[in-house]
Structure formats: C-alpha cells, structure tokens
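Next up: some structures, all given as structure tokens.
Here subunit A shows up in two complexes: once beside subunit B, once beside subunit C.
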Partner chain A sequence: MALLDRSDWYDIARDTNWTPGYVPREEIFPPQLSDPYGIPVEQWETFDEPYKVSYREYVKIQREKDSSAYSVKAALSRSKFHDDLDEGWASVLKLHYGAVALTEYQACQFQARMVRFGPSPSMRNMATYGMLDELRHAQLQLFFPHELVSRDRQYDWAHEAAHTKNWAVLGGRHAIDDIMMCRDAVTGTIMVSFAFETGLTNLQMVGLSTDAANMGDFTFANMITSIQSDEARHAQLGSPAIEIMINNGKKKEAQQAVDVAFWRMWRLFAITVGIPMDYYIPLDQRHLSFKEFMHEWIIRQYDRQVRDLGLETPWYWDLLADDIENHHHCQQGGIWSWRPTVWWNPPGAVGPREREWLEEKYPGWNDSYGTYWDVITDNLLHGREEKTHPECIPIICNMCQIPISNRPGEAWKARALQLEHEGRRYNFCTEPCRWIFTTDPDRYKHHLTIVDRMYSGEIDPPTLDNVLTYMGIGVVSEGGRDGHDYSWVDGFRTQAAE
Partner chain B sequence: MSGGEDARKNSVGPVLRAGEVADAVVEAIQEDNPDKQFLIEDRVAYIRIETEGECVLRQETLSDALGRPITMPEVEVNLTSFAGRIETTDTEMRFYLKKSL
Partner chain C sequence: MTDAPDLKPLKTWSHLAGQRRRPSEYEIVSTNLLWSTDDELPWSLSPDMDMNQWYLKYRDGSPLKHVDWDAFRDPDGLVYRTYNILQDGQEAYVDGLLDEHNASGHDAELSAGWLDSLALLYTPARYMLHAVQMSSAYLVQMAPASTIVNCAMLQAADQLRWVSRTAYRTKELSLTAPDKGFGDKERALWENDPAWQGFRELMERALVAYDWGEQFVALNLVAKPAIDEAFVRQLGQAAHRAGDGLLRQLLDAQQADSVRARNWSAALVALALQTDGNKQVLADWVAKWAPLGDAASDAFCAALPDAGDAAAQAKDEAEAFRAGLGLGR
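What follows is the complex of A and B.
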C-alpha cells in the first residue's frame, strides 16, 4: 500500500489549535509563560517551521543516530586511546562534559515549556522533538564519560558539576537560568533556538569535532556532530517566531532577546571552546584557531542569518571583534593561575612553538599576553612554582560571573565598568554585560558572585580551603594542576642552554 | 571583515558530517545546480558546501550518487548545520537567503 506523501497530511496532523469553551485562552496560555507580547493567536497560527519532520520519521532517524553514536563508542572503547592520552585533550573532555551534560536537561525543560506553552501549534509540535533531542543529548554526555570515571575522578564532574557551586558552574547557571529556565516560550525560543542554537553551539559541537578527529577521538567527534544534527533541526523554531514578532511590531523586543542571549553565551563559549582550541589541544593537532572558527560560524554564517530575518547585527559587534582577540586569552591566564579551583588540568601550553603559533594567529600576542607568561615562565624555570599561584582575589563580573580582565602589555587596560543600583555597586567586564543588567535590573540584582559570597558570610570564614570545598573541589574530585606538569617550559630551558 | 568574507556574504549550503553521505551530497548538489560554483571546505570531521544565494539538493540525484535509496529526512542524520535558510519537502532540500546583500 502506498503511503501518502508527508506534505499531503502534515498540516492537518500538526495544526491542533482549538477554541477553548470552558476557560479563557489566557488561563491555558498565561502570557508570562507563553506570549507576553500580546500577538493574536491567528498570527501565531501562521508559524510555519522550515525544517519539517513527522513523528514516524523522527523515531526512525533518531534511532539511526543513536545506534551510530553508541556503536562507534562501543567499538573504540576497546582501543587504547585513553591509556596514553594527552592531558590537554583530556582537559577538553572534562571541561566539555562538566559544562554541557546536565545543561542538556535544562534545555529539555525549556523545550518542554514550549511544548506546553508555545502559542502556536506548530511550535509545540516541533518542540516535542526538541525536548526528546535534549534528553538524548544529556544521556549521551552522561554515559560517554562515565566509563572514564574509574580512571580519573575528574570525569565525574559530568554528573556532578551542576550540583556544585564551582565558580565556573555559577557562571553557566546564571546564563542558562536567564535564557532558558526563566523565560516565556516566545522570548525563550528567540534566545535559545535562534541566538544560541543557530550560533555558538556550532562551535562547541561542530568546530571542536575537527580537532577531535585530528586527535583521533572519533567517539567524541561522532557524538558531538550527531548532537548538532538535532540542533540544526530544532533550532529552526526560532526564525518563524522572529518573523512573526517583526510582522507584529515587536522587532525591538526580538532584537533585544537575540542581543542579550548571544552575548551571554558568547562569554561562556569563549572559555569552553576558545581556550581548548588555542591552548589545550596539542599544537600539531590544531586545525584552525578559535578566531578562524568564530569567523566561519559567527561572523559569516550566524550574522548573515540574523540579517536575513530582518534583524540588525547586534550593536556590540565591534566589541565582539575585540573580545574575540582577547577574552579567551585573558581567561586562559586566569584559569591556569587559579588551576586548583577547576575540575580539569589546564596546561599552560605556551612553550616556544606554541607562542610562535599564537603570534601568527593573533598578531601582537607576544607583546601582550606573552609578557604575562614571561613572568610565569621565569618563575618556573627558577623553581619558584609557588609564585605562579595568585594571592589576591579577582573581581568578578556581576553578569557573566567571569573574572574581569583585559589585554596585558605596556598599558594594562583591565577595569571594571560599574553601576550603582538601589544602593548596591555592581561590576561588569564589558559594556554589553552592563547593558544586559540595565535591560531588566530586577531579574539580576539579587545574584551574588562567588566573591560576593566570600564577603557576605555565605562562605565563612573565606579561607582558601573553605572556598575550595564550597566549590566542590576535594569533594567531587581533586582540583586542577598544570596538565603537562610544566613540561612546556622545557623548550625555554633548551633555548637558554643554546 | 576581510575581503574573502565579503565575497562570501551571500553563501548558503549544507554542512555535513564527513563520510559517504557527505561525499554523495558534494557530487549530487553540483549536478542539481549546474549553473553554480561551489566551494567545498574539508574540515576533517565535517564538510562545508557553499554557493551563492540558493541551491537545491534532490532525493533522486542524491540516491544515485550514493548508490542506494535515501529519503530526505534521512539526510538529517548527517546534516550537522547549514548556512542560510532551509526549506524541506518530501523530495528536496533547498538552502537560500531571502535578502541578497
């Protein structure tokens, strides 16, 4: 028996709106959870997702994706890959799983909100697949690192990170709570489906796969690109929502949602992808620099999609270009210096050859970031390891929760941008982080950074040991050390001898 | 940004997980869009296929190139991303932009 073509029945199967007779529509779809912009339901009924799939197709395709991911893993887990793995790549994996695995469950909850409260039936239908997608992503990224826990306890952060108050986790949670957990379905789909999932997730899940393949980690490369194939589909929830917003006089609101969400996730992804690509991955396995991947995926592909939808390039795009040259280099310095506070072993990885590569990819690196590492290198060469650990506490941005920093060199430009609000002073790393606060101060004003918690008495007394315990270090696993046991300074020793 | 990026400002097309389907898409998409120049970038784990403005990928051409039947929804298994917008039907995928810059 011949089946009907999908297009012959798709609209009937999908369009499940009806007119409620017993209660007003607003009680079923409260504006705070559904659409706070007051766009008429008939307008939402024009929502037509560009990437269509039926449930029958979905199940078949997802089964195929999962069989592939799990069978590649099963086959390669018999290899000796993890036996003599470079700790730089191990750090990429630990950072990735800790930052991403349980966040997928939050993404699942967010999709579930769209399934229930999306104002359009097509949106609810597509989000059902999105919700199942995110469940799959969480399960993959919990299961894959699990077998590594017995080798190295730091892999346990895949499951544990989200349950701790580690400073890096606080940063991720603040952003994810903001864009996923505490938004209505419409604002959320613009922020998550469009601003996040058509943009930066590509770097984490596709860009990084290039380096994974070069490392020979085909299990990981295969898994993350499989995940992103789901994202490429359910991310398409965002564009029809943005077009309906624009057509109904809500362009300004849509633009703000895109601009807020992109910047929030950028500040985090520069750490979870930028540092691995330019520092943790062994030099000979690097394919492109983080900056080159950013140009491919964001400056070219993402921005083009923003403009094609009728929105504008975010107002801070010049600041982003500057941040691409600086943010992750600053944080590599910071995280390495504060290595006991993280759950991976960040390699300094700035030996003579690496510095040559960094200078080529980021002209001026030696005269700026290089001067910071000169001091550290000199201390390590002269047996003063203790001097490579900082003694003062950084100032943390009250938006992204990341230490405030800037390009070193002759004139060190680090400064906090401040804001007084209801008698409290807030510090921000950049103009966009401060701007985001001003878009909705009530949403953000009560949050305390890790450093605020040291002064507020929440961590009492705020000794180093207490702070580390508070952050889960020594509880879930030991904290970080230099991933290469400082072997990257050996090149300078050889140079000096010559 | 740079001149190279400017020249590719209207680029559209699929990004696929490297493998037999990606290879078949490279072949099929050029056959389906004979008047277009394609830029193929090999990024080890993924292949980026781009052209100016618009391109289509047809099920029949792709099945021929692959040497076995494949449905359009099955392409999703390997379609990890794409540049531009997408339109999907039972028999083809189209990548396009509404506004030419």
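What follows is the complex of A and C.
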C-alpha cells in the first residue's frame, strides 16, 4: 500500500460545515452575501461538483500548464510575428486584453465570495481553485500584452482600460459589477459559473482560438485554450447550485438569474467576439461566421444544457436569434464611425470581397448594413474622410450601456424602448435590457450613461476634446483610426475603373 | 488638446513607467488591478445598494487608512506561476513523506494513547483550517489593493492544502485504528470538546470581523499566529515526543506556508504604520483579539500530553511576533 486515492479522503475534506455556537449562523453567512433564498444548509451539503480535483493535483497540473503557456511566449519574443501583423488582428488583441485582463482579476474576488460565503463546503473548496484560476487568467493576460506595449501604446489598455471611463469600459463594468461583483454567493454562481462561463465563454475558446491559430498567432491560441481548460472545470460550480435551487422550490429565481446574466453578457460578447469574427479577422483566415458559430455553440448547446438542468429556454430566445443577425453589425458600424473613441484600430473591412462574404453569411446584409457602408465608401472614394465621422450623439441603452442602433435599410425599425421610472426616462436597446431593469429598478436607476454624463456636468464642458480625455483617449494612448488606412475601399476603385 | 500628455513609446505599463527600476514580472502582473478603488463608489450600481454599502463601510470606511495601499508589495513576490512551482515541489515532498511512512508501517507503531491524542487534537483541525481558508477569502474580497488581495488568496489556498492533507491523514488513521472515531467524531469534538472551544470561538468571531483591517488583525496577527504556535509547533513537539515522526514533519511543512503569511503580514503592518493614527487602531484591535488567541492556546495546549509549559510558550511566541511588528502589548 502506498498513497491513498483522492476518492478515499475527498469527502472528509469537504465535510467542514459546523454549527456555530459563539456567533449566530446568519451573522457568519448573511443572506445578502450567502444564500438569500433560505434553502436549508443540509440541502446545500448535498452539493456535488461534477469535476473533482485535489490541491496536490491542482498545483502539479497548473504548473505544467503554465510551463507550456509561458514557453510559447519565449518563442514569441524571438519571432517576427508582431513585426508585420495585420492591424485587424492586432485590434482583436487590443480589444480582448483591454476588455478581459482586469475582468479576470475581478473574478478572483467573485470566486472569493463563494469561498467565504458559499453555504456548501464543496462549493467553498471548488471556488478556492476557481479563485486561483482567475488569478492565472489575469496574470497571463497581463503578461502577454505587456510584451507588446513597447511596440504600441494601445496595448497599455490591457492594464489601464478598466481604470478609465471609456464608453466601452463603462458597459463592461456595469455588467460585471452587476452579475459578478454585487451578488450573493449563490446567485453569483448561477449567473457567472453557469450563464456566463458555461454559456458564453465557450465563444472565446472555440471562436477566437481557432481564428488565432489561422492567423498564426499560436501564443494567443494556446493561451486561450489553456485558460479555457481551467474555465471548463470551475464553470461546473453552477449546475449543482441550480439543481439545489430547483429541488427547493426556487426554480423561478434560478431562471431569472440565468436569463438576466446570459443576456447581459451576450450584449458584450457579441462585440468582443462577433465583430472580430466577421470583420477584424482577414477574410482568408475566417473559419466560421459569428452567426454560424452562435447557432452551433450557443443556440443549440446552451439551450440543451439549460433544459437538461430543469430550467426553461429563456423567454427572449427569439429576440436573441434576431440580435445575432444584427447587434454586432450595428456595433461594427458604430464603433468604426466613432473609432477615435476606442483603443484599437477597427478596420472597416467591407471591401467587395468582404461584402460578398457578409451577404452570403447574412442574406440581406447588402440591402441593410450595406447601405450604411455605401455612404461611407462613397465619401472615402471622393476624399471626404471627414464626412465619415458622425455628428449626432447616440442614445445609449440604460442597461447594457451600448449605443442603441437598429438595422438600416428597407426593414428599418426605429425602435426606442423607453421606461419612465420615478420621473426619469430610461432608454433601452431591446426588450430584455428593459426587462432586466424592471427586475430591480432600485439597483440600476442611478447609473449615468456616458451621454448622461455629458449633460450632467460630470464632463464639463462636454466638448469633443473633454469627452475624449474623460474616456482616456489621448491620455493612455491615441484613439483608434481605420486599421487598414481605408485600403479596403481600393477594391471599389478597381471595380469603378473596370 | 492643449495639455495633451506625452504619448511617447512605453517600456512598461504607463502606471509603472515612473519608477527607475525595470519592473519585475511580479509587478507587471500584480499591481493596481482593482477597479473598485478608483472612484468614491466601489461598484457601478446604485449607491444605496447593499454591496456598495458593504464596501463603503467595511473597506473604504475602515479606521485603518493609507493614501496608497497599492504601494504594498509581497515580500516573497509570488505570482500564480511561481506559487504553483513552489507548492508542487512542497507537495511532492509531502507525497514522499506519506508514501515512505506508509510503506514502513509507521501508523501501526503509534501507541493507543497517542492515537487518542491525534483523534482529539489533530484530525478535528480541518474545521479550524477551513475557517482560516474562509476568513482569508474574505480578505481577498475586501483588501484595498491587488497586491494585498493576492497574498490573502495564496494564504486561502494554503489552508485548503492543509485541510486536504489533514483529511488524507484522517482517512489513513481510520484504516489503522478503526475504533478511534477517525473520520467520524471530528465535528463533535470541534463543537464540544474544551480543547477546541477557544479556537472555535476565536474563528467564529474572526469570521464576522467584517472591517477589512480588523479582519486582517484578527486573522493574521492573532488567529494564525496562535494556530502556528499552539497547533503547528506545540502539537508538532508532542508528536515528536510520542514518536510520531510523520506528523512532526507534516507540521513542519505546514510551518513553511505560515512563514510566508508572516512575511506579508509584517510588510502590511509596516506599510500601515506609515500613516499617523494607524498604530493606535492596530493596537486597539490587537488588545481586543489577542486575549481570544491566548485563551485558544491555553485550551488547546492543556489537552496536549506532557504539555509542560506549552501554553506559555505558544502565547509568548505569538506575542513576540506581534512585538516584532511594533504591536506588542
């Protein structure tokens, strides 16, 4: 006999609940931080994580993973990969790191909430590994862009973005603060471990890592795949929690938490993943359209997971299908037009070949989004670059903080979803964003969008320069420009010449 | 723009560009990572929402003040990558200990009396260590700088390490001595036996010390030092006297993690003491919590076989640690 198997002692290590005697249990586990649903603690003690790991295994496996992830980096610093990198792909990296690095770090504190306030000992132990995983993700995704900061200041946003009030950051922070940082341990795990990590971060792995490999960016592809292998483990905290909720008559509450979180994160992921897949990645390196990808990986798989757990398909599923056709196309147009406000260089990337591809993947694209780009293309062909910058201030959704924008062209539906609450008028991009507000108006009612801040005196006076400075542009780095210096219109010149 | 900053190329993150040294990997991936400390309102939801109120009260409203908590640095400079390298090595060593002692029939040689002591004083410790894991995780949520958060994070992980190894030994001992209640009686002993009531009271009360600074004092300056001295050191010496070489060596390995905890605790106290008024705040908390630590050491050490002056030693050593930080009573 030598060493015991993990299964021999594992249950003892997760038998750590006791009955407090010096302090009431509700003080050690306040409902607003732990379980606001009043589910008996014996029920939480049935929590059984599908994936098990010991500390001993964890440090060994993770050490090995890190040695492979970081060794690629050593090779990278000798390679010329970034010397003549396509700016479309560079934009993917800049957007990704700026959006993700410090969010991963915040996830450490989110996991720590489960370690401290999770009502189940299993949850507390598993979240301890989850917390370490998130530290890994933050540190990897700071280390790699730091390698690039001497080439291009826009990579400084990997560290700085979350400390600025850039409009894109305000949207990310609002969602992350809402579903991840300001929830009790139980609701948090349903929202983040299940809806966000199980439901949506697959997008990043399968979507971006395949594209990264196609781009020859093996560092990034490896890193994302490696991160996702951690995610696949700690995301499994969510489903046992949902099962316990359902078994204890809290299906409605679990359903709402899942649906709120999924929609919130979807609105952001369509930007950080959808736009890169359909626009920033050079045509020849694209492997799937965002829509194909969403239907394969999200519409089918996530829905099945939700129903397998005993929940229902989210009520807004049809609206999601519609949003998949539109949201990221709208935002590509908006972000490109407002390119000086972002920290990456978004390519318009709608030359003749790209448009053909978009029309094939999204039938009707030419008659809708195409009309928007027709005007821009025409202006660029005639040397009126200044006309490609918008003049009107957009209306911002009071939930997702993203400019409200609708499909242009024949089927134009001018939708402004509004809500009056305590004398203030709120605007929403979609029904689910408005619905989320109504689930808890007190939680959301005070927040000011970037545009509200121009009128509230927070940005005073709201000149363009002041607004840009407020957003960190010209402070952290220069703002964006067209990533391909408008070379994508050249194809139309050739066409015209022919 | 009239006052456009100089956007010349960077050699490192802009926030580290002012320092003269080239930043280390530790600094690049560990510093200034919290966004909730940037503005007056921690989270971008309503100010009166309970989580904003919680952070405003227990973190930003703490009597422990510093203008720049982000100046804190872990003296061990650990990052995730190096932590795993370190602990994989340490765990390989522990695997070796367990394997070796198992092969040599170590447990069969233990006396019945010592097995009773292990059942009473060793295996119930997983509850205590888990409470330290939870308490450390509270600091992860509440500390006002990422460099402090990270130290608390690795400290929480270290506790899970010893919860796991204690569970391992609990199982192994139950195989050798099925009649001693290993794996069975620990919760009842933790909840009722006089030997544990001091530590239980200390940890239950520490868990609800919600001010982040007070949590740090209760946990890192009182509870952990008491555990290090009474449980790790004095129980280790008792193990040595009883011929239990395995437990002695396991506890020595556990001590190595505690050394890191003391290193960062000392560094944090040193940083805090730069601010006028903090010395009194810390001293008041020490005065409040140290008696609970002493009582825990007294109760635990009284149950050690041939204890001698174990309790006095444990209390003196914990006090000496605090005195070394300028916080002696």
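In this section, the second predicted complex is superposed on the first by the 495 of 498 C-alpha atoms of A that agree within 3 Å, B and C clash if a C-alpha of one lies under 4 Å from a C-alpha of the other, contacts with A are read in each partner's own complex, and residues count from 1 in each chain.
Definition applied: a residue touches a chain if its C-beta (ideal position, glycine included) is under 8 Å from a C-beta of that chain, and two chains touch if they have at least 3 such contacts.
In this text, all values refer to a predicted model and were calculated from it rather than measured experimentally.
Of the two partner chains placed by the overlay, only subunit C lies in contact with A:R116; subunit B stays clear of it. Looking at the shared chain after the overlay, A:I393 reaches neither subunit B nor subunit C. With both structures placed on the common chain, the touch criterion links A:D66 to subunit C but leaves subunit B unconnected. A count of residues in subunit A touched by subunit B and by subunit C gives the higher number to C. By the touch criterion defined above, A:Y55 lies against subunit C but remains apart from subunit B after alignment on the C-alpha atoms of chain A.
Of the two partner chains, subunit C is the only one that A:T19 touches; subunit B does not reach it.
Shared contact residues of subunit A, touching subunit B in one structure and subunit C in the other: 54, 60. Those residues of subunit A that touch subunit B in the complex are listed here as 5-7, 50-54, 57, 60-61, 64-65, 68, 202, 205-206, 209-210, 212-214, 221-222, 225-226, 228-229, 231-233, 236, 239, 287-288, 295-296, 299-301, 304-305, 307-308, 321. Contact residues on subunit B toward subunit A in their complex (touch as defined above): 1, 5, 8-11, 15, 17-18, 43-46, 48, 71, 73-74, 76-90, 97-99, 101. Only residues 1-4, 8-10, 12-13, 15-16, 18-23, 27-28, 32-33, 54-56, 59-60, 62-63, 66, 70, 102, 105-106, 108-109, 112-113, 115-116, 121, 124-125, 128, 131-132, 135-136, 138-139, 142-143, 146, 149-150, 153, 156, 159-160, 162-163, 170, 173-174, 177-178, 181-183, 442-447, 465, 468-469, 474-478 of subunit A touch subunit C when the two sit together in their complex.
Against subunit A, in their complex, subunit C makes its touches with residues 1, 4-5, 7, 9-15, 25, 28-30, 32-36, 38, 43-52, 54, 79-81, 83-85, 87-88, 91-92, 94-95, 98-99, 102-103, 126-127, 130, 133-135, 137-138, 140-141, 146, 149-150, 153, 156-157, 160-161, 163-164, 166-168, 170-172, 183, 187, 190-191, 200-201, 204-205, 207-208.
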